[in-house]
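Both complexes below contain chain A, partnered by chain B and then by chain C.
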Partner chain A sequence: MHKKIVLAASLGIVFAYCAVALLAPVIAPYDPHAITGAPLSPPDRDHLLGTNDLAQDIFSGLIWGTRATLLLGFVGAAIAVTVGTAAGIVSGYYGGLIDEAVMRLLDVAMTIPIFPLLLILTTFFRPGIYLIAVLMGLLGSFQGVRLIRSQVLSLAVADFVVGTRALGAGDGYIMARHILPGVLPLAGVKFVTSAQHFMLIGIGLGFLGITDPSVVDWGQMINRASQNGAMILGLWWWLIPPGLAVTLISLALAWLGYACEDEINPRLRVMRV
Partner chain B sequence: MTGDALLEIRGLKVGFPTPEGLVRASDTVDLEIYPRETLGLIGETGSGKTVLGMAILRLLQPNTIIEGEIRYRGRDLLSLPEAEMQRVRGREIGIVLQNSGTSLNPVYTVGTQIAEAVILHQGLSGPDARQRAVELLDAVGIPDPVRMAGEYPHRFSGGMRERALIATALACRPNLLIADEPTKGLDAVTKRGIVDLFSEIDRDHSVLFITHDIETAGDLATRVAVMYAGEIVEIGGAEEVLGDPAHPYTRGLLASLPERGMQPIPGSAPSLITLPSGCRFSPRCGCAVENCSREHPGLVEVGSGHYARCMLYD
Partner chain C sequence: MNGIYLLKRLITSFAAFCIAVTIMFALLRLMPGDYITMYLEAIYRYAPPDVVEAFNRVYGLDRPILEQYVIYLLDAFRGNWGYSFIYKVPVIAVIGEKLVWTLIILFPATILATLAGIGIGAYSGWRRGSKADVGLLNGMIFIRAIPSYWLALMILIIFAYYLNLFPLGGYVDTSALATGIDPLDVANHAVLPILTLFLFSVTGTYYLMRNTMLMTAGEDYITTARAKGLDELTILRKHALKNAMLPMVTLITFECAGMITGSIFVETIFSWPGLGMLTYKALAARDLPLLQGILLIDTLFVIAANIAADLIYPLVDPRVQVGDDA
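Moving on to the complex of A and B:
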């Protein structure tokens, strides 16, 4: 029962964030870039969360910032999971030299820390937000390859796979029809956990001030707030809301990931109460 | 009688490289299967029966070492390109694999999986293939086939799964059906049903019936081949081989049947890595003479079309 509440709550939060992202123009009272009154004013009726040093409405920034965070998380995760699943299936199914080559490449690739590499790439090339999402997805797909491959190794020698080959099916058919469904639940969990991971990375990049400057995002909001003394001046409405927004979506995705993992792997249930 | 064989196996050697050495699962096997005959292949577990069946359709792991020839209607299956081999599998030669419990994918309905074969080879569309699946289920004796085609494999009992697999293998009307222990793990009544089903099937198809159940082989087979340690030790008409066995191993197998006194053959089958010298059965053989452990006997004709691999007949 307790688990169902957690699952429902986390799903609810994720859906609410998606709705906010989609309806941002409707919900946000102001253009997040517009100057809307006195700078650094505390929350009141016109400005639900006050204004920043440029007199921009913080509540509107918070609403619009949802888009950037969700986009980085979900587009990045979709790419990472697609690439990881495809490579994992091919590697695990064919085995032999192909598998060996993929695995050794991964060994090398996994020694590269994603975040610093992204830092360098974004600093040099100043890419737009979509390109950042793609880069994240590609660099973040390595772990997924291993995860999926390990599952495929056991599926590839399953009797029903041999049986399907005995019916005259080719490799492509077997991988698409008989291997892929077996790894989809795992890929789904990986999608959720990757999305969370990428959202945090996106916030991190924003905080360091090296994301797409034309896009409003929470990382940049936190950066601006802390750079301009929000902490010292006690301007909580500037610093706390984006931080809370990040924390909540991150927690929701983590819970969702755990709940899905429990569902597909009953052996974990006892361990994580 | 060699020209008209549907399948002709010549000098087939199958080896699995392992860290301990080469496992010789099949050693210089010669075998023919003629149109519309049922060849029973019997032997103990580990004698190489399954490997032989899988080797015919090239379903063994890629690192397996296979030598010899497997001619199907004059074409050597072992040298066929993979794309052509895919057209042979399922359409020309069907196989019912061992372990019916795990040979169906749990995520698809049984009807969907039977339809797969039809879609792969005959290019039928979804609904037509589905209809064919229902007909096939009906043909193999599944009650209420329309409903059962929509059920998942876990709802099928052992005997029904076996029937479903047979339906899958027969979906494209192959000329040859290889059945690998289709009666394994079934109770007597269910087994009877499967045997009856096969006696219907073998009117239209050639069947290679692999089993360790001598009685079933006797019921179905027109000819019987006995395998021991990767070799065929006796082959001939079912009545001759089972009624008047020539090889001491076949005699031992028959004597170990419950209704014939249940006398087991002493010792156990040799490791396929370190095979005994000379006759492979000699260490366990009651009739062994000195020469048996030195010379490896060939197949000797002991009757019309009846061969045994034993020194006694040299």
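Moving on to the complex of A and C:
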């Protein structure tokens, strides 16, 4: 019972964020880049969360920032999971030399720390938000390959796969119709946890000053607030909301991922014991 | 088996380092504009064409690309990582100085987090389904979901700003100018960064330990041990815990890379003068050689941690033969 409430609440939060992102132009009272009054003004009826040092409306920034966050998370996760699942299936299904090559490549790739590499690539190419998401997705796909592969290893020798092959089915058909459905639940969980991870990383990049200047993102907002004395001046409405917004969506996805994992891996099931 | 495994690990590490160097080499060649011109302008503020040409000759930039690559690779192994644009000294010198400060907070945080994660995770997994377990699990999921930069800011606001228990940032008090650096003062400044890194890292260890414990608890040898009449604590310590240790080796790889990421945010927020804050400064100034040096040192750090984990675990548990595929 308790678990269902958590699941419903986290799904509700994710959908609410999506709705806000889609309806941003309707909900936000101002253009987040526009000067809308006096700088550093406290919350009032015109500015629900006050204004920042550039006199931009913080509430509007918060609403528009939802788009960047969801985009970074979901596009990144979609790419990471697609690449990871494809590589994992091919590697696990064919085995032998292909598998060995993929695994050794992974060993090497996973020794190079991803985040600093991402920092260098983004500093270097100054990409837009879509490219940042793609870069994150590609660099973040390694972990998924191992996860999917280990599942495929047992599926590839299962009776129904051997039987299908005996009937004359090709490798491509078997992988698409028989192996893929078997790993989809796992890939789904990976998608949710990756989306959470990439949102945190993407906003972290914004915090470090690596952003697409044409979009508003929460990382940038947090950085601006903390670098410009929001803490010392006690301007909580500037510093707290973007951080709370990230934490809430991150928490919802974490719980969602956990509930899904619990569902597909009964040995981990504890809340019902 | 162990020898072959170690050899494999060494080859993998070597390849990883070479690939990191290769990426940098490729990036430098892809960069728009002339590297030497940019370099000289960054360091001396002017770059006459004849000087640029002379530098190109001295650095071998007029030679075939393959030869340049070999020179670059060899230099990377010798520790010649180029000059930092902002500090105007060799990259390796800047990094060497900052690395110590990062290790001062990273080491205690990692060790505490590993020990605490194993302990709490084992307890939680052993008492699966109990109130304590569900509470701990939800608490850990909660902590893990908070972005590290946000967690650091909140800890700073609460403990340093409102409660005034610890300094707001930096690594020593200004009085150190007169009296010299006092280790106790440094420790006092290090508490909050260590706490943040600890919280950031403990959840991963906990989560893995708990999962492994859940898998282990159903095994036949646990039932056997219980049937023998052993008390719960002995079963936990002698049978369950030891068998749950192996996956920790793998986790350390992830955690190390994660800790480096975490330290970038934590150091930036607490103004701790380590590699993380150096990264932030290098990013702001677009100091490419320095950023590349940081990537190299981070790679070396992960390699070292992997090898250390491989060597430590057989000591902790003689039954563990790292490299066995079982």
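Note that in this section the second predicted complex is superposed on the first by the 270 of 273 C-alpha atoms of A that agree within 3 Å, B and C clash if a C-alpha of one lies under 4 Å from a C-alpha of the other, contacts with A are read in each partner's own complex, and residues count from 1 in each chain.
Just so it is clear, contacts are C-beta pairs under 8 Å (C-beta built on N, C-alpha and C of every residue); 3 or more make two chains touch, one makes a residue touch a chain.
Remember, it's a predicted structure, so these values are computed and weren't measured experimentally.
In this superposed model built on chain A, chain B and chain C occupy separate space and fit side by side.
Using the contact criterion defined above for the overlaid structures, shared-chain residue A:115 touches chain C, although it does not reach chain B. By the touch criterion defined above, A:123 lies against chain C but remains apart from chain B after alignment on the C-alpha atoms of chain A. When both complexes are overlaid on chain A, the residue A:226 reaches chain C alone and has no touch with chain B. When the two complexes are overlaid on their common chain A, residue A:93 makes contact with neither chain B nor chain C. By the touch criterion defined above, A:207 lies against chain C but remains apart from chain B after alignment on the C-alpha atoms of chain A.
Counting residues of chain A touched by each partner, chain B versus chain C, the larger count belongs to C. With both structures placed on the common chain, the touch criterion links A:142 to neither chain B nor chain C. After superposing both complexes on chain A, the closest C-alpha pair between chain B and chain C lies 14 Å apart.
Listed in rising order, the residues of chain A touching chain B in the complex are 96, 158-160, 162-170, 173, 177-178, 181-182.
Of all the residues in chain C, the ones that touch chain A in their complex are 12-13, 15-16, 19-20, 23-24, 27, 30-31, 128-129, 133-134, 137, 141-142, 144-150, 153-154, 156-157, 161, 211, 214-215, 218, 253-254, 256-257, 260-261, 264-265, 268-269, 279-280, 283-284, 286, 288, 291-292, 294-295, 298-299, 301-303, 306. Within the complex formed with chain A, the residues of chain B that make contact are 57, 59, 62-63, 83, 86-91, 94-95, 97, 99, 102-107, 116-117, 120-121, 165, 168-169, 171. By the touch rule above, chain A contacts chain C in their complex via residues 104, 107-117, 119-121, 123-124, 143, 196, 200, 203-204, 207-210, 219, 222, 226, 231-232, 239, 243, 246-247, 250-251, 253-255, 258, 267-268, 270-273.
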